[in-house]
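Worksheet: one structure, shown below.
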Amino acid sequence: MLKAIQCNTQEHAFRHVTSIEQASKIKDEPHTILWLDLLSPSEQELKKLGNEFKLHPLAIEDASHEHQRPKVEEYEQFYFVVFYAAHLDAQEQGLEVSEVDMFLGANFLITVHDKPLPELEEVEQRWTRNVKQLEWGIGVLLYSMLDTFVDRYFPVVDNMVDQAEEIEDRLFSGTIRQKAFAQELLELKKRFLTLRRIVTPERDVLNVLTNRDTPIFDEHASVYFRDVYDHITRLADTIDLYRDQLSTTMDANLSIVSNDLNKVMRTLTAASIILMADSLLAGIWGMNFVNIPELHLEYGYFGALAVMAVLSFLLILFFKRLKWL
Amino acid sequence: MLKAIQCNTQEHAFRHVTSIEQASKIKDEPHTILWLDLLSPSEQELKKLGNEFKLHPLAIEDASHEHQRPKVEEYEQFYFVVFYAAHLDAQEQGLEVSEVDMFLGANFLITVHDKPLPELEEVEQRWTRNVKQLEWGIGVLLYSMLDTFVDRYFPVVDNMVDQAEEIEDRLFSGTIRQKAFAQELLELKKRFLTLRRIVTPERDVLNVLTNRDTPIFDEHASVYFRDVYDHITRLADTIDLYRDQLSTTMDANLSIVSNDLNKVMRTLTAASIILMADSLLAGIWGMNFVNIPELHLEYGYFGALAVMAVLSFLLILFFKRLKWL
Amino acid sequence: MLKAIQCNTQEHAFRHVTSIEQASKIKDEPHTILWLDLLSPSEQELKKLGNEFKLHPLAIEDASHEHQRPKVEEYEQFYFVVFYAAHLDAQEQGLEVSEVDMFLGANFLITVHDKPLPELEEVEQRWTRNVKQLEWGIGVLLYSMLDTFVDRYFPVVDNMVDQAEEIEDRLFSGTIRQKAFAQELLELKKRFLTLRRIVTPERDVLNVLTNRDTPIFDEHASVYFRDVYDHITRLADTIDLYRDQLSTTMDANLSIVSNDLNKVMRTLTAASIILMADSLLAGIWGMNFVNIPELHLEYGYFGALAVMAVLSFLLILFFKRLKWL
Amino acid sequence: MLKAIQCNTQEHAFRHVTSIEQASKIKDEPHTILWLDLLSPSEQELKKLGNEFKLHPLAIEDASHEHQRPKVEEYEQFYFVVFYAAHLDAQEQGLEVSEVDMFLGANFLITVHDKPLPELEEVEQRWTRNVKQLEWGIGVLLYSMLDTFVDRYFPVVDNMVDQAEEIEDRLFSGTIRQKAFAQELLELKKRFLTLRRIVTPERDVLNVLTNRDTPIFDEHASVYFRDVYDHITRLADTIDLYRDQLSTTMDANLSIVSNDLNKVMRTLTAASIILMADSLLAGIWGMNFVNIPELHLEYGYFGALAVMAVLSFLLILFFKRLKWL
Amino acid sequence: MLKAIQCNTQEHAFRHVTSIEQASKIKDEPHTILWLDLLSPSEQELKKLGNEFKLHPLAIEDASHEHQRPKVEEYEQFYFVVFYAAHLDAQEQGLEVSEVDMFLGANFLITVHDKPLPELEEVEQRWTRNVKQLEWGIGVLLYSMLDTFVDRYFPVVDNMVDQAEEIEDRLFSGTIRQKAFAQELLELKKRFLTLRRIVTPERDVLNVLTNRDTPIFDEHASVYFRDVYDHITRLADTIDLYRDQLSTTMDANLSIVSNDLNKVMRTLTAASIILMADSLLAGIWGMNFVNIPELHLEYGYFGALAVMAVLSFLLILFFKRLKWL
């Protein structure tokens, strides 16, 4: 599915374009900036695109395969940029990432992706509204694109941070179902790792866009890309902090589980000793020796019960002191 | 809330200014250094500020959002610096950090923050007192600012170090409440991590201020910034040392908990064997065989008790030897 | 075993060559690119090869020994490249790696390996088919070689990733045989480490081939090597992610094992206390005191059983509450 | 307390100087090298020193505070160096570090410290003896200083290494008191970390002194500083090795503790089963059924004892096989 | 003990030299390369050596002390190189390292070591045999030296790798003696760490020899040193792989020990419950209530035994299902 918009930077006019061929024709008109967005294009469409816009076959091939690494590659006529959008899934629990491949020419930007992305509508609005920055050329469009993507990471990371904090709180707030706890923690950690695998190379992408004096960017645009770079650096910091913290939580959990075991064993030990001691007494007075004087005392039985009670009481006191009960 | 001070570096005179417009007017007077401090400014105030002092809209936008990363950014007319103040909270237990955004021009410094900061009064006093350094220009004001902030980190870190030492001492000094212990340790570690997330990029900020030959700083000021750099490097060292040490403490704790369990189990084993052995004897002599010769001995019962006592004694000796009791 | 192919880049013609001497003769013909593939060559063959193609004795010696590290070395007349092919073994469980040593001259590529490699047939097909890239010279052959090798890594890594995911799922899905689990995890981790030991220096190899302005490569080829570099970087990322994840899985496993123990001990404690309490009662009423009034009640026995039942019921309730049963 | 020595490098003569003022006067005499050592100077003395020798107030302020980080700072007229001496404490167990602040001018060295340091006497002897190196100027004095300090680290580290080895040996040689063991290990690790915090930045200090072509140093001196650099690098290596090794020892300890627990539990299980099985038999033959034929056998009792003995023997054999006893 | 060989690179003649003085005399003859090997020289010999060959006193002092770090130092007239030989000890279990200090001049190499080294005989043979490389000068001798040393590391590392694999296999193959296991693992890890401490700086040494355009080396020699660099890099890789793997083995061990404990506890729990339940029954029927109807049944006793047997059987079935038995 193709969506293409032509912008005349002199007249501040926007026009929708309906086919790759038409886009290719008007792309050399003066003051023109062109954005083509292709949703799940066929191999053929990509090939046609490559021919019309003189894109390198390798970049076209990369764009037709999923799971590229975030990167920026310089070709003779254009830059090839891979970036990722990140969303929470429907249950607001998992993490979904979508790849977006971009071809950035002197006055055109082509975006290729496999899933519909709500971010792109926002990009369009920001681009068409920011009239006075339009003369900066294609840079402002790419900036709107990357900034929108990175801004959308924040609620995702915040949600994951909330989950991490919630897991930690749960650890100290009462009995937890251990298996579910470990699984949640493991999955959350994996989500952090997955996001980190996207964010770290994207930071490199932005670093390249900021530092290298690229002729296709107006110099005013560089400040804006630096801002996106800052945001993504902060995200990377947060991710690293919580990745570390989750490991510590796992360790703390082991320490708490071990200690719980300790308490259980102390209870078992104390209870066993008390009950076995009383049982021993009962066993002794249940022996069949002919001459066991106390058996013949009138209140011997009650005495025996009293002895048992006193012994139990003393042992309970003793174990209470040791904090075993 | 606005607070603005004009300093005439020739006459060593300080004058309070009451509005952004007035400040903007006098900022081009010769020998003038201007400090504007804005506490929780509205969006409009920030916008007016941006217009009067020709601040880049991106920096203005950064200043209106919390949770920037410590950084220094060069714009055409000014530097944008983000720094953090750190305090202990009211209970002297937790850590509170407050962001301060600064616009540093050729002869003005604008500070923007959301919470009232006692540090700023100290900065004002240091600035107005250090009369003879005033001709160094705006650098001495920024130095007073950053140095005051960093100096205030030390009691915070010292308090955290004390807590870390105290936690460690407690580990070896007796029975600890394990859950509280793990929680305290985890929270303390998180506080170290949080502070580290501030201190590490601030060190980079100071590195930039020290090394880059920035025309807005008098060259005498550079030595001073290097001093602040040293202090913050030392802080980062301390934080790393204790972060590592806390991990080791967690490990040591696990090892101690496991060993406690060991001791409990040895006690249980020894006590069980002794009591069960005696019980077995009592059970044997409680059997109903018609011909159990010893049952008919006159002192059989006492002999039986003696046998039990001797057996118990020998087993106790044996387990004492094994150090199980 | 020798397999040699001569390519005339002007006529797009391919011709098989049958001996090292013949290959050596025609290698200086104009427009010639030569690929020699030697499977388990003898020391003598290698020596002859070295003489004919003026290869440095050190590189020849490296090629005659297995277990070189992936590397690229510049000699005066040629480059010596060591690369690895990776396969799953027959059971699709283990990892098998095969070393390939390459001598890359201005217009020849010599590959030396000890095991037959299916990758090489694919390389030959890709090379002979890509007619229009042939004028780029030897670079396109080396690119086909390295790209094919790296493409073959992906199913291997995917298989290992599947195993890692499967191990993790198994951890949370029920009782696992612990020893087998730990062994599998350990071996899988070792496989990741082994692959990493190959992939990381190979990335360096590709970095060298991409960046250094080497006169033997057509400048068009550089873009292609960068593409291979990207692929191998992504592989390295994946490997690191799963290596980390496997460590966390090991930790989670320990935590789950400890918790299982906890549950077992709670069951033991609860069951012991209930059974021992009832036994104590039975022991008490089995004592031989002459005056135990309740023994003479007509329904004393049933009362006793009822007391035991009630006591058991209450204890069970109590332990159910504690979630110990 | 002031101690000052003037050296005339032409006449190889040494003279004691008694006051800061006198020292300041003679410091501009030709062929003069001056060493001032101040033990716990007052703020006033430091101020006077700063005035006489034109030392920067910031360096003076640094020198009046303890706990600087090892560093070398270039000022216009001098270098400010912070270094540490390290000793074992009186019990040869703990680690004591003392800060020494140095002002290194073209022909003077001023050392400031808070505790008396035996190292300094050795420095004096080395300096006054090495007559022929005296023409190298101030460099030889600084070299003697730093080399002496670093040489004194070796016995400290050796002692710590011995303790680490001894702790490890103890782990495998018998029953250890776990709490004391963990505490010792933790404290030793902290000592390694503390020393590392000094040694690592000191290595940087020496790196700066070696590499930077500093006009105040004779070029012959550079070789000597490189030698000190080597020594301190070796120290850092040793510290890192043992820090790593102590972590592994902690892990090994946990594994041994867990295994001990295992053995205890096997003993408990085996002993419980044997004693409970015999008790069950005794209980059975203690039941009051009217018709229990074996009770009436003449040697039934002895048969019962024999049955118990045989059962115990078989169970013991069984558990011996399992290596549980 | 001195061993000295003079090589005339024009005549390819080798001549033994008997004293330091003689060596010093002939060292300036044309076409001469000189190798002096000193085994445990006295301080005096070293001093004489320093005088005759104009070696820097610092290098001489380094050579007279053991335990230098592998390094290469440039002096005005020569290079000072420290390298290590590594052997398995007599039992083929431990690791023994021997330091060799080398003075490398324009046409002489002096080796100083404290223990007899079989490597040096091999070096001599390789040197005297490689006649045609002799004109490369002193470089070929140093290359033979370092290459021989590094080649000898491989069997040492292979042996350690075998031990690591064997330890791992043992972990999964049956019951291990835990204490011995942990000790072996710890010692093996320490051996890896020790070797790493040698290999890593030696790699730096070779890097320096390879890259720096040193006038004393023929440019042909550089390729050879690069080869040694490759070998030692591969060794470092292997060491790191197994160091990591040993840590994972330690973790796996802990997990297996914990799980063994789990199994023991399940056995204990199941056996306790069965035996205690039967005992309770026996206890109940051993009570002395006057009216216990079933006691008077003719086959009550056998019924009771049957009840116990059935109960035991059901419990065994139940625990078998839970996989507790």
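For the reader, a short list of remarks on this structure follows.
As written, the chain order gives the labels A, B, C, D and E, with residue 1 at the start of each chain.
Just so it is clear, a contact is a pair of C-beta atoms (placed from the backbone, for glycine too) under 8 Å apart; a residue touches a chain by one contact, two chains touch by 3 or more.
Given the structure is predicted, the values throughout are model-derived calculations rather than measurements.
In terms of the stated touch criterion, the partners common to subunit A and subunit D are B, listed by label.
Listed here as common contacts of subunit B and subunit D: no chain. For the self-contact between subunit A and subunit C, the two sides draw on mostly distinct residue numbers; the shared fraction is below half. Its C-alpha atoms superposed on subunit E, subunit C is turned by 70 degrees; the angle is given in steps of 5. The geometric centre of subunit A is 25 Å away from that of subunit B, both derived from CA atoms.
Computed centre separation for the pair subunit C/subunit D is 40 angstrom, with centres defined by C-alpha atoms. Among all residues of subunit D, those that touch two or more other chains are 251, 254, 258, 261, 265, 268, 272, 276, 279, 283, 286-288, 292.
Ring order of the chains (start at subunit B, first neighbour subunit D): B, D, E, C, A.
Contact residues on subunit C toward subunit A in their complex (touch as defined above): 168, 172, 223-224, 226-227, 230, 233-234, 237, 241, 244-245, 248-249, 251-252, 254-256, 258-259, 261-262, 265-266, 268-269, 272-273, 276-277, 279-280, 283-284, 286-293, 323-324.
Put simply, subunit E touches subunit D in their complex at residues 56, 58, 62, 67-69, 71, 73, 75, 175, 178-179, 182-183, 185-186, 189-190, 193-194, 197, 201, 247, 250-251, 253-254, 257-258, 260-261, 264-265, 267-268, 271-272, 275-276, 278-279, 282-283, 285-288, 292, 294-301, 304-305, 308.
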